[in-house]
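Following this message is one structure expressed as structure tokens.
Going by the order they are written in, the chains are A, B, C and D; count residues from 1 in each one.
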Amino acid sequence: DALETKGWPEQFGLGKPATEQQVAAWDIDVRPDGKGLPAGAGTAVQGRAIYAAKCASCHGNTGVEGPFNHLVSSDTSKAKTIGNYWPYATTLFDYVRRAMPFNAPGSLTNAEVYHLTAYLLHANGLVDSTSVMDAQTLPKVVMPAQQLFVPDNRTGGAQIR
Amino acid sequence: DALETKGWPEQFGLGKPATEQQVAAWDIDVRPDGKGLPAGAGTAVQGRAIYAAKCASCHGNTGVEGPFNHLVSSDTSKAKTIGNYWPYATTLFDYVRRAMPFNAPGSLTNAEVYHLTAYLLHANGLVDSTSVMDAQTLPKVVMPAQQLFVPDNRTGGAQIR
Amino acid sequence: VLLKQSSGQVIQAGLAKDSLLLQDPTKVLGPLPSQLGDRSPFEQPVRKPSDTSSRTPLQDLYGTITPSDLHFERHHGGIPAIDPHKYELLIHGMVERPTVFTLADLKRFPSFSRIFFLECSGNFRSGKEQLTPQDICGLTSQSEWTGVMLATLFREVGIHPKASWFLAEGSDAAVMTRSIPVSKGMEDGMIAFAQNGEALRPAQGYPARLVLPGWEGNTNVKWIRRIEVSDQPFMTREETSKYTEQVGDKVRQFSFVMDARSVITFPTFPAVVHKGWIEIRGIAWSGRGKIARVEVSTDAGKSWQPAQLQEPVLDKAHTAFRYLWQWDGKATEIMSRAVDDTGYTQPTLEQLKEARGANMGGYHVNSIISWQIKGDGSVLLRPENIR
Amino acid sequence: VLLKQSSGQVIQAGLAKDSLLLQDPTKVLGPLPSQLGDRSPFEQPVRKPSDTSSRTPLQDLYGTITPSDLHFERHHGGIPAIDPHKYELLIHGMVERPTVFTLADLKRFPSFSRIFFLECSGNFRSGKEQLTPQDICGLTSQSEWTGVMLATLFREVGIHPKASWFLAEGSDAAVMTRSIPVSKGMEDGMIAFAQNGEALRPAQGYPARLVLPGWEGNTNVKWIRRIEVSDQPFMTREETSKYTEQVGDKVRQFSFVMDARSVITFPTFPAVVHKGWIEIRGIAWSGRGKIARVEVSTDAGKSWQPAQLQEPVLDKAHTAFRYLWQWDGKATEIMSRAVDDTGYTQPTLEQLKEARGANMGGYHVNSIISWQIKGDGSVLLRPENIR
């Protein structure tokens, strides 16, 4: 099944070189080391207002009421949340920017996403109410769950894991 | 791929015994030796009238005009017909009874099929105009094409045949 | 599109399908999961119907499975409408226990699944340049068939040891009948009730049909209602007046097996190709066994190179082949020939005519098909004159 | 139904489809060949949709191919509507030549076809007796996929030798992203553009998707628009917040491979069986290789017998199994367990809990499923408590 490249040219010469603009338009991912984070910054206070306007209807006033995913950890729920389960703060920026709000995905500005990120991290007790989230600070937020994460420990064969 | 019957019962006991009536209702085939031919008889004269009424619209007034299959051989056409290509007269009874007229299949009485068979055999010059076609005479009609027929002579392997 | 929340509340969560096409799909919620999937409005493959048959669009397909709604059709009395609860299969004649099986009975037997092709033995057209693979040989398709082996049923009814032929009869308006050697039935004949994972489609014999891997399509009697076991063939119209071919000064009858053949499906009319690398693609099959190899010529038959076969290569099955070709932009002809594991090599039409005589007629014409690549990249069939 | 004669004349040659059902089908000409086939009105298999997924009716299917319109669905932002003429796949990051491929470009590369299953790693439900195989594990389906190997594309763009991960990103409303090891991409990753002979269906990623044989469904990114090659994973939401599972006091991440499992599809709720011979049927599969054997127990797990496997047994593919059982009419439990060619044996839920801890969550739950056969022949799931 391995690729049999005998008789193949070095390159088929198909496709067009990607221009920098094309790459920039689609390259929206954000890595744990902060690569991909845009310019801009946000704070929890500003995020709270945006959250109330654009998110609370689906995730609850304080992020625990639903009807959709709990975003904030609480003592009364076992729900997996940003605070107790997410290993990287950068993921929050990445995901909210690409997929939320669910009914208007891709509609937020980078500033709005920074504010919301700051708000949700603060609501989960992970950053102060005054912390400014930007390309430098966000990757440094310590996520309690990170230490729990291990790569696949199944090594194949008869083992059940 | 051969059937692996290890562990199978002699019979699964599925299905119901077929009653004689059930078999009789469906067992409409006619073999070259005449097995399956019903009681009754037909003549070309009577067949001609039925043909004009029920068949000519599709096969032409004399069986060569179409628009559908030529049923009668003629000097001016190379069409394969009952007269020049069909190896068994019994097939004619069998096929007309099961499949014709195309727009009202299964609608003919056994007597009508005998008449039509007699007519078409006569039109192809294979029997006299006065011959009576019945379970005894039909299998004996000599079909010129029969001597042409050979079973598959391809015997496999590299041979092209 | 409305989205029902777990709270029971319903929210507006998307737009009508047509308006979506104008938008960036990442910015609008799409239609949610459903009971049955659809094709993209941009993909509408269709068969090519005539009054008596409908051809599979081979040039539009990939891989080897034919979507069931694109399986070729060849009927002699249209598609009967059959209530599966009333369906019965009668097996009688030279058997100890003449038996009537309901569809439920058939499904209770040990079952079997197998991927193989069906092909009408009249599957060849030529004569002009503007023909597609669908036009030339679209009367072949491939499915995964599931059913009960005929050997299982013959065992159940106690087939007579001297039985040598059986009649298979359909419940269509033609009450289609063919005589089949018992040996084939015992070897790999199957009463199929399913096709590509689901119940047979009506056009393919719902609720049950005979399938005989590798044998001409007409013998695979659809909508089967009766099997009469006998010690001689019945000489039905389909095996005398039709599905026989002139060979020399004789007429060949009961020529059941489909000889090996292949067809290029890309590039073919009406494709237009460009100078450079082209993957020549097609399918090859043989009613006698597995495809051993497919050879491709890109110089009008002067030289032949082996194509790659897609694995797994199955017995009596469409086998995808691929050949990587660097076209220099000069007019030429491309063609493929199949070789099966019995050593049979797909012949030219010339060779067939030589073997059978000029009047061989239109059945079992499995000759090599050649495509002209014009200097402007257009692709045309090299027409052949069958008579 | 009108029949056009070769003369051009049109004749009445049949009746409307509904009226046919009342009649003897041998006595009325049926509908003639058409462009697209339909299902019988008596056969209407459907998926079971929720807001986020739709389940394949495993108990209604035969063989191993899933009809494309019944392929399971799992979306995170609905089905995007994509114009194939505007479709582009961008490959960038650690490559020599960042490139944009059109769909036509992708189809011009050497192609490849392969039959394998997809399965959502959340494919398990239990908890009550009235569940069907569709309810329990209908988030798996099987197709013949055709596309261009990722290795071919990586070669074309000149992937950096130190590249170790790539991001696959969809163009749906969720802009779904997963990080995948380059090694898997090179081994057997494919950008598929066809499924079961035809273009992908929109719900399965039209016009192109990533497929990674044997890996959890979510990684097989649909409607793929971008691949960014990197030397580390991107830690997207789907591979951190979701598709990870608690194992002991740790959270297991990047648990890509689907372990071996099997499910009986007959007899299962709501079937009612009768004393006597019953063919127990089902499918088994493993993301690690081929199914080596399936064992069936008809005495609630006390003893196990080998089932028959349908050939050909393919790598990372649904494999049909069958076991002939004579039921004595007494209440019992039947179950199946798959063993793959790496020696892995499908575990019980007990064994899984022991290995992972009681809080293991709902991903990768591949435990043995047991069916109660009641004395009256009714069949019910033996429910299990996953938490």
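Just so we're on the same page, a contact is a pair of C-beta atoms (placed from the backbone, for glycine too) under 8 Å apart; a residue touches a chain by one contact, two chains touch by 3 or more.
Bear in mind the structure is a predicted one, so any value in this text is a computation, not a measurement.
A.B. asks: Give, as an integer number of Å, the spacing between the C-alpha centres of chain D and chain A.
C.D. replies: 28
A.B. asks: Where the centres are mean C-alpha positions, what is the separation of chain A from chain B, in Å?
C.D. replies: 76
A.B. asks: I'd like to verify one number: the distance from the centre of chain B to the centre of chain D, where each centre is the average of its C-alpha atoms, in whole angstrom.
C.D. replies: So the centre of chain B lies 50 Å away from the centre of chain D.
A.B. asks: At which residue positions does chain D touch at least two other chains?
C.D. replies: As it turns out, chain D has residues touching two or more other chains at 3, 13-14, 26-29, 77, 108-110, 173, 175, 277, 324.
A.B. asks: Where in chain B do residues touch at least two different other chains?
C.D. replies: 1, 8, 12, 98, 102, 105-106
A.B. asks: Chain contact graph: line, ring, star, complete or other?
C.D. replies: Chain contacts: none of line, ring, star or complete; other.
A.B. asks: For this structure, give each pair of chains that are touching.
C.D. replies: Inter-chain contacts occur between A-C, A-D, B-C, B-D, C-D.
A.B. asks: Taking the complex as given, what residues does chain A use to touch chain D?
C.D. replies: Within the complex, chain A touches chain D at residues 1, 3, 5, 8, 11-12, 14-18, 22-23, 26-33, 80, 82, 85-88, 90-91, 94-95, 98-99, 102, 105-106, 145, 148-154, 156-161.
A.B. asks: For chain D, which residues are in contact with chain B within the complex?
C.D. replies: Going through chain D, the ones touching chain B are 3, 5-7, 9, 11-14, 24, 26-29, 276-277, 308, 311, 324, 326.
A.B. asks: Using the touch definition from the top, list the residues of chain C that touch chain D in their complex.
C.D. replies: 1, 3-4, 13-14, 17, 20-21, 25-40, 42-43, 45-54, 60-71, 73-75, 77-85, 108-113, 144-146, 171-173, 175, 193-194, 196-204, 206-207, 223, 277-279, 281, 310, 312, 314, 320, 322, 324
A.B. asks: Provide the residue numbers of chain B that touch chain D in the complex, in ascending order.
C.D. replies: 1, 4, 7-9, 12-13, 58, 66-68, 98, 102-107
A.B. asks: Provide the residue numbers of chain C that touch chain B in the complex, in ascending order.
C.D. replies: Its residues touching chain B are 76-77, 90-92, 97-102, 105, 108-110, 114, 149, 151-152, 155-157, 167, 169, 173-175, 177, 188, 225-226, 228, 230, 232, 234-237, 240-241, 244, 247, 249-257, 259, 288, 315, 342-345, 347, 351-352, 355-356.
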